[in-house]
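What follows is a set of structures for review.
Two complexes follow with chain A in common, the first pairing it with chain B and the second with chain C.
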Partner chain A sequence: MIVPDSADILVVGGGFSGLMAAVFAAREGRRVRVLSRGQGALAVGGGTIDLLGYVPGRAAAVRAPFSAMEALGADHPYRLAGIPMVRQALDGFLQMCLAAGYPYEMEGGAEAPRNRRLLTSIGAMKPSCAVPSSMSMQGAEAAEEVLVVGIEGLKDFFPRLAVPGIARYLKGNVIPVLLRCPEKLAPMLEVGGKSVPSRDVSTLDVANMLEERDGRAWFVDRLRRHPAFARLRGKRGMILLPPVLGTKPLPDVQKALTEALGCPVFELVAPPPGVTGLRLRALLMAELRRLGVDLVMNAFVVRPEYTPGRSGAMHVAAVQVESGGRLRRCEASAFIMATGGIYGDGIEVTPSAVRDRVFGEAAPVSSALKPVDAGWSEPAAYPDFAAGYSHAFARLGTRVGADFRPVTENGLVTLENVFYAGRALGGHDPAAEKSGNGVALVSAFACAVHACRVCPAGSAPQQ
Partner chain B sequence: MKFLSELARTGWDVIVIGGGCTGTGILRDLAMRGFKALLLEQGDLAHGSSSRFHGLLHSGGRYAVFDPAAARECIEENMILRRIGAHCVEVTEGLFVRTREDDEVFEEKWVAACGACGIRAEPLTRARALELEPNLAPDLASAYIVPDSAVDGFRLVWQNAFSARRHGGEFRTRACVSDIGVAQGRVTGVVACDTDTAETAFIPASFVVNATGSWVGRIAQMAGLSVHVQPDRGALVAFNHRFTGRVVNRLHKPGDGDIFVPHGSITILGTSSLKTEDPADSRVTTEEVLHLLDTGRPLFPQIDSYRILRVFAGTRPLYMASDGEGGRNASRNFVVLDHEEEGLSGIASVCGGKFTTYRLMAERMVDLVCARLGRKAACTTASEPLVPEIPEELRRRASVFFPAQGLETAASRLCDGLEGAVARMELEPWKKSLVCECEVVTFGEFEQMAAEPSSRTLNDIRRRTRLGMGTCQGTFCGMRAIGRLAEAGMPAGDTSMLLRDFQEERWHGFRPVLWGGELRELELARNVYGATLNIDGADFDREDDCA
Partner chain C sequence: MRPIPSIDRCTTCSTCVTACPVTRVTRRFNGPKLTGPSSQRFRLLNRVEIEALDYCSNCKNCDIACPGAVQISTLNMLARAEQCRRHRPPFRDWVLAHGRFLGRLVSWIPQALLRFGMTNPLSRLVLDWLGVDRRAPMPVFAAKSFMRLFAGLAQRPSSRKVVLFPGCYINDYDPQTGLDVVWLLNRAGYEVIVPVSECCGVPLVANGFFDEARKNAETVVKALEAHAAAGIPVVAACTSCSLMLRQEYGELFAGLKGTETLAPQVRDAGEFLAECLERGELPLPEHVAADAFIYHEPCHLRAQGIGRPGLGLLRRCGVRVSEAGADCCGISGSYGFKKGKYDVGAAIGAPLFASVHEAVSKGAAAAVSECGTCRLQIAHHTGARVRHPLSVLREILDR
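On to the complex of A and B.
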């Protein structure tokens, strides 16, 4: 398909917020193009929708995120969006996943969602809201015997590290199990008269292996023959794995293993690679293809082109984009910036300045604080959020108004057809709040709604 | 580690207080001359100034003009260390570079002074200097090549301690000396306390050596003595690039931020100089870092584009005989103080000096101990290498798991632990895979050092192996290391606490430089440990609990 260099809505950024914004806008009948420089943080953080796990000043984890949102600052993206929009965003997401055959589960539904407890590979719990069925831990409270299963050579998952913490949250016995590394995972080498995997093994490798029938057969066979497996006989058992239940957004691997092992199998939260995030990414890519959204990879904006807008604001007519070593000009009626924060490189930080990578001063950041100032960071890496502390740099990002357009300190819109989504937004600290994918989802929805308003369907500039 | 009460039952000739380069150097010399010697260190070996400097093995060029005596000692000891310390010294050579901003008259004085001190300083043309170091300022005024080198402080201290152990010396870390026993004008021993378990014991000895660097005054005070040492804090910046292959000094009157030292894949820029009252002062401020960058920029104009890896600080123990000048102008010479002259026998302190001359300081101290305890034994520390040749048989066994260069690196880190690490890999060959990819540390090496009795925390293992000191600064290897300790059933205490402590220690080194690439890496770490794994979060309220 030949794609004209113009769109109704141009989304800059191919992470979770960018892809979601594109889905929401395309569903409204807009012609959408996405520019993507990298993969976004889905590959790092995973695919659970952590909505709001903690609020500043409160020690305990949040059970009911909607009521807890009232305790957030007025500039927090959830406060700007408002509960009805949060609800619609969650609902839209759940419907999409259900229709795609990879359902997410959320206690309480979109009316009054309740957080659930996920367990992580360091044995901690994490409050999360909407999670794929593979992580739902359905029936965990009834399990009498729980096996936490790792594979030797799988680098960043250690059953014995996870078990002591996990045991605190489950009623049953929690037993660590380590299976020997199979030849399927990595070609074996002869070293010192013994065979060892020739390379490191990641959760992604195991996920690929379990997608194959004989890979699953090996796994089931090995686990069944492990002495610890006998403990499950005649008991209500449960098996916890790192995120390895396939790479595709399908429930098949979980179903097959649950059947073959005779007890429920779930995934724990683990460090990168974010297999569950990559699954969600695959789902979104398929959805975008279905909706006819054009995705340009390895593309980044080098320069915006402005025209005068209304009430002192500027209007962005187009952006110049570098892609594959060649410059192109992309026109659009509205621009959704899902460029990421400091990690995603949407926000650039030098000792004496913090600025938006694309629009600079035209999209002001939420505070004038910079690294040379006192108060830029707290003395501890993970400060006491329960006492209200989080890093000032972490809360820093683009300042937006209620319609997610960038505004000055006095609330004047600076760019009339530009909207910000995701980690680029100021006013939230996802690492402390456990709100990363939640803010990405909600702000993506809000941006799509507001961008569609300034850009009635079919209004894109003509070639 | 041995109980202090057990150590108290051994009859020691000498107790050395302080586990830095000087203390371990003294322990080694004492052991080699046949003394029954014990070293006590309050923290971990090399956790103080011996690892908190730029790692420059001075040619003496820096001191030639203002402190020629120190300069001569430097060049002599530099040549000795290259011989005995092949496993901790990287012979890089060094440049002295005058920029357009620097005084030409000083250059003439410096050239003459180097000549007088016996330091070979060969002039280079600008073209040649830029050919050797292409990242230098293209408009540099003049350049000389001198015999500077890079030295790894952690390794040197460890290698001295292991060498001492081979000769019968003992060391005990986490043993804080809280008092010194005195009876009839003579020191009788020390009271030491385990900083973790609070076990306390009086350990008798015939002689006590105070080699505690910036803490010398405090220890002396316990024996009723007065020694004036002024701690002087120096901050340093480690970059994640080796943008110079040689040490580069700015050729001007010595000042802050004018030395660059390459180490492995990184470069260290130092040093500031600020008077402090706390010998353990390791603060670094953002202003200090910016000041160091400003001074370094005329030498390396691209300095702002190199990612900072971390910053750190240590204190120089500047000795003042009376109310002398402190800071940059204080002498870098050392003194061995025989307190018998003040009426207390059985104790001596070593003050001042510098890392480059640690061996000479140790030799002088042990000469004094010999005289006081009536022994005659010659010093042999200048001729015996710190690390013995790897036996051919072990080399053959190790070559199965290590590439040639990796074997040398492992030998220099592990010292006597190499054989143990190889044995672990022979038993389970997968342990040749890397726990720390940035610094190339295998699981075998990691486990061997974790099993070393003096390793109590992940930070101890870090100092012995360099785990977590590379590009990712512990984001990936920290959890992996703790996970392995748990999997191997090694006594590691509360694993989530260990992991958190390790992350917080690393944080201390980024906090003053949270911008650019460093801040991005930190955000990745917060994504992993904070957002994904919830290292910092509490559970739901119990009454609200429905799971």
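On to the complex of A and C.
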């Protein structure tokens, strides 16, 4: 009759890796609870699955990520997981999105994925792998006339700035179009004889507007009346927008605009709020509810409670969680740590040390970077930066073995039922490699698989 | 008690903006990032306050979303307090902040005249003149306050004691929920003490009556402190009350004595009963035949970092409860009552109301939610019956 407040698997962290780990584990029939402080970077990011865009030391963008993975260090999360697991993770993700009615597209499929080029709001190119259909730019090679459309007052998106860069990647004519800001978004003010929007406008604001029928009608009408729109007549045209095609994980807004404008409409990559990431988060939240995952927001994990484990490793029985000035215990059979890196607060950096915020020394942080007496700013702290490799600071994170449990320098497992996913992991540099969400997804899958092995379904009492 | 982290922890990442229900529906609000930490930098220079501050509903979704633990809504409430010290808030806000005052008057009025509350035509006219939206779902005063009903209860004395903090909503408008909680606490073997019926001060803070809110806080802490010091848990069934008692007193009222003693003893009533269940004090049946429900998680429960204990208790009895998955109902205490805010509140809650409609059409008997004004808002916009999850739990155990 007495039911302890426990889960089979406790996920710490509610960013992309934490939520995906929860989905994968719950699909295996485990009772999963997620503890999250803050909602991670997912909602403000681009939500694209950048698998592996660059290999450190090589200038050219990667075309075939699987073969490029061979060039990564042995401690890289992809090398630890192995290609079959990378494939399963990608496949699981694509199937989930498809079933949710918001498909992601990936060239070559999970068997042999190939990278694609995403264009950004400053006209740069970013190699990515699985992207929402709204970003797929299908038929871009054949487009003769391409309009890059912005709205006056919209932050961080200036068509004239983006066009020269975008033109380098497309065959057709690329033309900037700037629409007047609608009163609905920001009433205009007269300042020094000039009419300017009275407030800031973000991609999220435009996305909210385009979700409404009126907002779409305004947009279609203005764009159709713009002189540049006439260029599309009788030609194969394409319209590129910042990420503004609605906030819900549905293809509806893209479909409606494509129909109303008579040519395909796609989204570019933009700085936060990325909107496409917000859609992915909404999709994941619905999936978690469907799977009965218990998501606890604003929960701050303070410290673990240990019991002796087998073969010298420690066993974690529970974590202590702080809320409202009180500590509570959360028990579980396995723990997946998706606590983020330095920015996400999973890893603490002081002038003389780097440590895991929850487990400290018990989950050793790997790095080629040695704290030196004089501190982090000394060149001696960065042995391989000069050799053209990416910055060692960026690769700093928890050192794990092949089953994603933390290990010592000699490869001995330190915590027998704790697994690490996402940015907390050492051995990868998401910014330089363009591998952030890819590593998050693959490590989330690997953690779920290995965590399920240490806690068979039904081992904890049902809630 | 955590200190308010410096605004410099804000990296302007915009996460709060993606989580803000008000930003989602109106362009009149500049969003939590600009209104909170960004404006705070100008406030430190004593610059004029931005008008949009008025649009923050203090729902706390920004704080919950922030990866840097910046307490954005608290910055907004402190700024509102400062603004209201300089410019008196409208009398409308005084009335909404002092629902308790009217409640006290009404508690002595005979039964027949009870509709005097805030819902009769005369009150409506006055409220309209004051700036309360005519369509607003004003609550109806209960015939007898919780305190009067509680005084008439016979409890079995027990060495295990628990303090119940009813708050103004349960005391004035919804005493039955309070009685249900008392029944459950008794059932778990606890004798219930109710030392104070004062309002915790949430509506005063939200409407800018900051100094007065502090006085309320002093009264409440003074009445509860000795019990907390003796290790007696303090429970509240309204989530805004428990959030205020355990967290916001420390954040808003610097130097308020006794908050450190009180805070660690405060629990949401569902949270406490879940602990009783774990200790074996509250045996629950496992597969009861009961109606289906749809659950709405109040923002101020989410902010407490304890998950959804009320939902968990019902599900452990085998009750089928789906989750609405909505961010906010849009009422935020008295926010959604005001002219100019009623439509904002209605738009915020629209996805929730749609989920409730759908659940009811599929056979759900009622919606359940811990927060009194959430229940009011959902009932007003959907016509559905809305109950406290613990009232449903009592009904299951009391058959």
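In this section, the second predicted complex is superposed on the first by the 419 of 463 C-alpha atoms of A that agree within 3 Å, B and C clash if a C-alpha of one lies under 4 Å from a C-alpha of the other, contacts with A are read in each partner's own complex, and residues count from 1 in each chain.
Rule of thumb we're sticking to: a contact is a pair of C-beta atoms (placed from the backbone, for glycine too) under 8 Å apart; a residue touches a chain by one contact, two chains touch by 3 or more.
Keep in mind that what you see is a predicted model, and the values were worked out from it rather than measured.
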{"item": "Which superposed partner A:28 touches (first chain B, second chain C, both, neither)", "value": "neither"}
{"item": "First (chain B), second (chain C), both or neither touched by A:345", "value": "both"}
{"item": "Touched partner set for A:252, first chain B, second chain C, both or neither", "value": "neither"}
{"item": "Which superposed partner A:197 touches (first chain B, second chain C, both, neither)", "value": "first"}
{"item": "Partner touching more residues of chain A, whether chain B or chain C", "value": "B"}
{"item": "First, second, both or neither for A:269, with chain B first and chain C second", "value": "first"}
{"item": "Which of chain B and chain C A:153 touches, first, second, both or neither", "value": "first"}
{"item": "Contacts of A:44 with chain B and chain C, given as first, second, both or neither", "value": "both"}
{"item": "Partner chain in contact with A:289 - chain B first, chain C second, else both or neither", "value": "second"}
{"item": "Common ground on chain A, meaning residues reached by chain C in one complex and by chain B in the other", "value": "41, 44, 200, 272, 343, 345"}
{"item": "Chain A-facing residues of chain B, complex", "value": "286-287, 290, 400-401, 425-426, 428-430, 432-434, 476, 479-480, 482-484, 486-487, 489, 495-496, 499-500, 503-504, 506-507, 511, 513-516, 519-520, 523-541, 544, 547"}
{"item": "Residues on chain A engaged by chain B in the complex (per definition of touch)", "value": "41, 44-46, 50, 53-54, 59-61, 63, 115-117, 120-127, 140-141, 152-153, 155-161, 164-165, 169, 178, 181, 191-192, 194-197, 200, 269-272, 274, 341-343, 345, 349-351, 371-372, 376-377, 379-382, 385-386, 393-394, 430-432, 434, 436"}
{"item": "In the complex, chain C residues that touch chain A", "value": "1-2, 13-15, 17-19, 23-24, 27, 30, 34, 63-69, 242-243, 246-247, 250, 260, 263-264, 266-267, 274, 277-280, 283-284, 302-308, 312, 315-316, 323, 325"}
{"item": "In the complex, chain A residues that touch chain C", "value": "1-5, 33, 37-41, 43-44, 184-186, 199-200, 202, 204-205, 208, 247, 272-273, 278, 285-286, 289, 294-300, 321-326, 328, 340, 343-345, 463"}
